[in-house]
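Just below is one structure, and these are the notes that go with it.
The first chain written gets the first letter, and so on, giving A, B, C and D; residue counts start at 1 in each chain.
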Amino acid sequence: MRPSSIRYYFKEGFTGLLKNRLMAVASIATVAACIFIISLSCCIIGNLSSVLKQIEDTIGIAVFLDDNLDSEKINTISDELKAIPHVTMVTYISPEEALDSLKEEWQADDILDGFDGENNPLSHSFEVSLEGIEYQSDVLKGIEGISGIRNVRHAQSETQILLKLNKVLSIVGIAIVAILSIISVVIIMNTIKISVYTRRTEINIMKFVGATDWFIRWPFIIEGVLIGLLGASIPMAVSWPLYTKIVELIYQYFPVIKGIATLLDGYVIFSKLIPVSLIFGVLLGVFGSVSSIHKHLRV
Amino acid sequence: MRPSSIRYYFKEGFTGLLKNRLMAVASIATVAACIFIISLSCCIIGNLSSVLKQIEDTIGIAVFLDDNLDSEKINTISDELKAIPHVTMVTYISPEEALDSLKEEWQADDILDGFDGENNPLSHSFEVSLEGIEYQSDVLKGIEGISGIRNVRHAQSETQILLKLNKVLSIVGIAIVAILSIISVVIIMNTIKISVYTRRTEINIMKFVGATDWFIRWPFIIEGVLIGLLGASIPMAVSWPLYTKIVELIYQYFPVIKGIATLLDGYVIFSKLIPVSLIFGVLLGVFGSVSSIHKHLRV
Amino acid sequence: MIKVENVTKVYPNGAEGVKDVSIHIEKGEFVFFIGSSGSGKSTLIKLLMKELNPTDGQIVINNINTTRMKRSKIPFLRRNLGIVFQDFRLLATKTVYENVAFAMQVIESPSSQIRRNIPTVLSLVGLQDKAKAYPNQLSGGEQQRTALARAIVNNPPILIADEPTGNLDPDTAWDIMCLLEEINKRGTTVVVATHAKNIVDAMQKRVVTLKDGHIIRDVRKGGYSDEA
Amino acid sequence: MIKVENVTKVYPNGAEGVKDVSIHIEKGEFVFFIGSSGSGKSTLIKLLMKELNPTDGQIVINNINTTRMKRSKIPFLRRNLGIVFQDFRLLATKTVYENVAFAMQVIESPSSQIRRNIPTVLSLVGLQDKAKAYPNQLSGGEQQRTALARAIVNNPPILIADEPTGNLDPDTAWDIMCLLEEINKRGTTVVVATHAKNIVDAMQKRVVTLKDGHIIRDVRKGGYSDEA
């Protein structure tokens, strides 16, 4: 390639966009719209799975001890629990604390008034937190080996539901993003195909004055890169600030969510989404252009 | 309009699609893809709000009675509760039943073993179901006027959360569908605009041999109707069976959901979605075509 | 019939198409527009059919001032004018038959009449065998003759042809010119922009010569370059 | 230089473009293709430049059999052929200057040479004032001359022109023909398909006459219709 040709390719690539403004705007708008929808879905799905993860992390195992253990034995059990792999935290709950929280939960103190002090039928217990809900059965096995434990309570069904939810969400999430991506590819390719179609005579003429396939292709490739870059930059430029604003609004309008989980920071999502979108956009632009001109080159 | 012209319009409208196959396929695929995405969102949002509604309906008010009431007095209270507006059901719960469910909830029978029979500290109570969560405060006011009630427990915070969730979901749902619709309109209009653009010479020539604007427009309108109809029918034909299949899979893979809520029947969603999509598609097709040819007519 | 009065056309890019041109053409006349390449013949024709609007001056056709015409009336003006374009302007998606039929459908002729007239007109221009061909399946001259067939099929009171024989061999060109004269004899006003020196010389009709957008000569019965 | 051997071209729709045509053209010759509209002149030219492939027979250009040529070599064949198309085939999005420059960019000429050659070539065809105009801002004849300028700018060894004067007035047409003869004198093989009887008669070059796809006459120094 001579330098004059390279200059020509770039000049043509840029002026191609300017001269075929309707096509350029249409292609860029289409790419932008599609990538915007995909990034919207990624934000929603990403947050759902992050919230789910945070909820999972709050699910621990309650360990009830035999009656009449002395505080030394209780300490030993606490240490033994902490030693089990994947256990992140072990919290001691005295019978009094247990009764208080029971009263609170029921919102009816008076019913349980008779059980205060010596009458308290509840036992000493530990709240065991795990690294992840998936380690529950391992930890349960570890707890079995410890003596002085009367009973273990773990959220069997909740765990199952959460584990399944997790799986479903990741499958559904991937499926939705995949479907959207495929649809976007179809739409974007269509747009580019039409845009090239309107220039088929131009391509034809070039062939007839002796241009090689690559001479014709290069400007289209550069045009494709520009369409992809612009089409991917616009939704990214819009959706990051938009996302930050929406998260703010949710917290404000809906403060209770702070107690349950925190939403993902824009940076976490967009530090991955931006490069992926740009690459996706550029590849689509290039591939769309090149594959569309292909059949017009066969003359 | 002469009958020969009407015949001409229809013939042109149909053959227009066939002769400009690339454009036709591109336009139809684009309309179809966009309507598919919108209908997907409608299914998801519709189900979320339906599940939410069902969860709301399970939230009732627990009414605890004074100790030592005779069964006649209890019956009177039951009748009084039923008479309150917006109350759908009143269920009596004996102290024994309450204890049993408490044991089950805790999954630790032995802790509460000592409270059986005469020792049962729990009171007689009623579970009051409402027409809707939004009537909670009205009903609470009604309950206040009844004598023999020691305590009323209602899910204050859950109610608040659900009411807000409901509101948020409907706002977010409308916003998402609106955004998707706007994006779809942009994409579809672009596609149709390009497709008309490739035929601008044709439109020009028609004008120059003396065709009136309407003579040129009619075939495009008919073509637009066809694009809209086909573009809307395809996603509907695909997504109804797809939805039914997915609901089936969710129930199968995820039986626990049956206990919480039932998903919407395909008919409920699609009996509304199909006419709306068809109208949306047709309007877009017609409006897209007509508005795009407009500027080419000014010669 | 056609009155062009002090018409000037300056294109948006500053190029001057025609400058201060005045010309009166009576009903039933046969007029040649001649002049070198770029002298403004096509511009004048485009002004007549209102493809262009004059920068200055006015044009009256059939007693209607087309410069101040309502937009919705333009199609009806054009139906009075059968036009053969220099670049043919055939519909690429229609066959020869359909291209000609189209001009009749536009004026809502009954289908029976369409079916009757078109074969006649196609054989007049020698295209009876090409009725089913699309424009890109035709030779240059065949396209030109299709354009002519379309222009004459509705028997318009005025026929305007821009270079109707540029792609035709002398014999076919002569046949086409005889056809135009025949049409003219039946009362149609005919205006032909052409470079065909031999034909202009032979036919001895009114000749209007343009140069750089000006009319420099207008003779009643003339040749391509009588004096000058 | 150019050897066409028993070439037949039947179009997909069954129309016969040329039938069993054989013709040898030596380096440096000047040949007219004549014949009535639809006789196969453009088809023959399209076969030479490999826009069409023959149904039968073979074509050898510069000792290369183009009928059995690798696809990737076609552009290099075309660079040996300067071609003026009957329908001009100008790039609508490029100006006159850019259209001509394009033919030089394709063969990767250095920019300095492009800047030097184009003004010369544009003034040869009389378009120096229209360099910045787009094709739709040109008259028919101006477009035709742009196409000619593009065909000759690279000094191809073979120049093929299909109806290069169809839209030109006799004077300009004559100038263009003189230009072609001039180019021919500098060693370029020139093939011209034309209907311009006067010019063919005046120039007394080799004339190949086609009729219904057959070559019916091939004379060394002839006129448009010497005997017949």
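To be clear about the criterion, a residue touches a chain if its C-beta (ideal position, glycine included) is under 8 Å from a C-beta of that chain, and two chains touch if they have at least 3 such contacts.
Note that the structure is a prediction, hence the values are computed from the model and not measured.
The chains in contact with chain B and with chain D alike are A, C. Both chain A and chain C are touched by B, D.
Distance from chain C peaks, on a Cα-centroid basis, for A. Centroid to centroid, with C-alpha atoms defining each point, chain B and chain C lie 63 Å apart. Averaged C-alpha coordinates put the centre of chain A at 24 Å from the centre of chain B. Once the centre of each chain is set as its mean CA position, chain C and chain D turn out to be 28 Å apart. The residues of chain B never reach two or more other chains; the list is empty.
For chain D, the set of residues touching two or more other chains is empty. With chains as nodes and touching pairs as edges, the resulting graph is a single ring in which every chain has exactly two contacts.
Pairs of chains meeting the touch criterion are A-B, A-D, B-C, C-D. Remark: chain B residues 2, 4-5, 7-8, 19-20, 201-202, 204-213, 215, 298-299 touch chain C in the complex.
By the touch criterion given at the top, residues 49, 51, 71-72, 74-79, 81, 83, 85, 89-93, 102-103, 105-111, 114, 150 of chain C touch chain B in their complex. Chain contact summary for the complex, chain B toward chain A: residues 22-23, 25-26, 29-30, 33-34, 36-37, 40, 64, 106-108, 110-112, 114-115, 121-123, 150-151, 153, 157, 160-161, 164, 168, 176, 179-180, 183, 186-187, 190-191, 193-195, 197-198, 250, 253-254, 256.
On the side of chain D, the complex with chain C involves touching residues 11, 13, 15, 34-39, 41-43, 86-87, 133, 137-142, 144-145, 162-163, 166-173, 195, 197-198, 224.
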